[in-house]
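Each of the next two complexes has chain A plus one more chain, namely chain B in the first and chain C in the second.
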Partner chain A sequence: MLKRALAIITLLIIGYWLAQGLAGVPFGQDKMIVGRYYLENVKEQTGAVNAVTAIVVNYRGFDTLGEVTVLFIASTGVGALLWRKKKKRTARAEGSVVLKTGTELLFPFVVLFGAYIFIHGHLTPGGGFPGGATIATAFLLLYMAFINYEIPHRAFEKTEGLAGMGYVLVGLIGLAIGGYFLFDWIWQTWNWGHDNIGRLFSGGFIPIIYTLIGIKVGTELSGIIDNMLKEGVSE
Partner chain B sequence: MNCITCIEYIIVALMILSAILAVEWRDLLAAAVGMAAVSLFASILFFMLQAPDVAMTEAAIGAALSGAIVIFAIKRTQRFETEEEEKPGWWVRW
Partner chain C sequence: MNVPDISVYYFGAIALVLIGLYAVLVKKNVLKILIGLSIMETGVNLLLVSIGYISGKSAPILSEGITASNAVDPIPQALVLTAIVIGVATTAMALSVAIILYEKYGTLNVEEIRRLRG
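Right after this comes the complex of A and B.
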């Protein structure tokens, strides 16, 4: 009882300190130098209307590459932990009529919406990670509705690898042309799309990289779902 | 207090409620659903705080994918129920 009371008092004190500290931070006010620099220069330097995407892919592109790598390692870890020589789907109960019909009708539209999210990443909120996750939920629907469904493994693994290599390749082309890794060669050297900012064909390499990331994340998360669902069969 | 703020407070209260329920429910499936509900309310809150891209990611990954993966993991375990009497809840236990 005394221990509990001490723990709760400590928690309350720490929480009070944190709340006091956070109350002093001016959230949402225009005070930070870096943030103001991004907001003022984002259109001329990157061509993207969505400043968040411009920061994530263009200014901080190397961090995003690291993020993609982390996801890849997580997916590899799931695959290695759940590895069996022969894996099969063991679900016995079919999905209900509502689930099956709904999945058949909705699947193309969910994939289309995911693709829209990552292709228009430089114009509207969203980007490669939400788009890829949306596509993975479409495959999750297929897995839940049909007991025999499996993703095309070979094609998915190859697509995933090619998309990841494409990201590095785009960065290496930037290194060759502009002098540093992930230099925005389409926007700054070739000057493509300077006269239609705010439309689809602008934003330098942001749409290309986000399409690659979207495809990679979508296939990777579908692979994780596949690994989690199938069970090893001993023969 | 205008109405948007009321809705935000209601959503925060629902989040806390579902988090407590997710810890307290003894049925693992129900607890997984409670965990997904926390993410869903968090994504609504992100949307109301004008972060739509975070809201999309939270809804897709937090509510759908991680909930589904936890449920798949539960599916691989065995289900049993013991006949022990109900212990008092978290508000008395400590």
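Right after this comes the complex of A and C.
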């Protein structure tokens, strides 16, 4: 009880202090400095309509490569922490009829929706990371509905590695053509899609990189789910 | 002590951070502590996005009549996108540590674990 009261007093002090600090930051006013430049030049420089994805993939592409690496290290870490000599699915209860039928019906559409999200990353809200997470949700559904289901490990690991290598490869082609890593060669050198900004075939390499990221994130998160759901069995 | 005059979004963000911090400070179950950390993270993300908001302007997707002059700041949104992904990665790591803790000690109560470790 004393501990709880102490915690609440601490929280009130921290909350007051945070509010005091934020009172100096006006809400809803224009505070853009760099953002103004991005918004004014995003269409000519990247061909993407969605300024957020243009910043994430094009202006800060190297940062996103680091982000993908962090996710990869996390999935490797989960795999290493939960590594056992022999792992098996130990779930005993089958999914209910509703879950099983729903999974069978919805699985292709969930995957399709995920693919839609990452292919249209330069046009609509979304992108590779939410799209990949949606695809992983489809596999989570399969895991919950069927007690014997496992993802095809070998194929998934290869796809994941190829997608990651593809991202670096796109960057290296940019290095060869334009002189720096992750130079947008499709938009700036080849001039593809300059007359249909706002449609699917535009945005330079953003749809390509986001497709690769989507595939990578989807397979990686499915692997994490697989690692967490299986338990080690003694022989 | 006068109450600072802040917007409802900042208030919500601070409230989420405090709720998460309360769970971290008071709860004893490792899973509840991790849920508290996730709630704190949501609060920080909400704070960043609401700092980038500009009254009366629209999302920074420059189509259908939205030009550079009536879109909100895209940079905080891009940063929050990164933060969410990193958050998922760290949560997955922390959860697998929790799984190992349960396998080793048979409990998720932090005080029990501290006692069993001796």
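The rule is simple: the second predicted complex is superposed on the first by the 217 of 235 C-alpha atoms of A that agree within 3 Å, B and C clash if a C-alpha of one lies under 4 Å from a C-alpha of the other, contacts with A are read in each partner's own complex, and residues count from 1 in each chain.
Quick note on the criterion: a contact is a pair of C-beta atoms (placed from the backbone, for glycine too) under 8 Å apart; a residue touches a chain by one contact, two chains touch by 3 or more.
Everything quoted here is computed from the prediction, not taken from an experiment.
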Have a look at where A:106 lands relative to chain B and chain C in the superposition and call it first, second, both or neither. neither
First (chain B), second (chain C), both or neither: which does A:34 touch? second
So in the superposed three-chain picture, is A:55 touching just chain B, just chain C, both, or none of them (first/second/both/neither)? second
If you stack the two complexes on chain A, which partner ends up touching A:147: first (chain B), second (chain C), both, or neither? neither
Greater chain A contact set [chain C / chain B]: C
Check the residue A:228 against both partner chains and state whether it touches chain B (first), chain C (second), both, or neither. both
Going by the contact definition given at the top, which residues of chain A touch chain B in one complex and chain C in the other? 4, 52, 125, 127, 129, 133, 221, 224, 228
Touching chain B in the complex: which residues of chain A? 4, 52, 117, 125-127, 129-130, 133-134, 136-137, 140, 144, 221, 224-225, 228-229, 231
Could you pull out which chain C residues touch chain A in their complex? 1, 3-7, 9-11, 14-15, 17-18, 21-22, 25-26, 47, 50-56, 59-63, 68, 71, 73-75, 77-78, 81-82, 84-86, 88-90, 92-93, 95-97, 99-100
Given the complex with chain A, which residues does chain B contribute to the contact? 52-53, 56-57, 60-61, 64-65, 68-69, 72-73, 76, 94
Please give the residue numbers of chain A that touch chain C in the complex, ascending. 3-4, 7-8, 10-11, 14-16, 18-20, 22-23, 25, 27-32, 34-36, 38-40, 42-43, 49-52, 55-56, 60, 63-64, 67, 70-71, 73-75, 77-78, 81-82, 123-125, 127, 129, 133, 198, 221, 224, 227-228
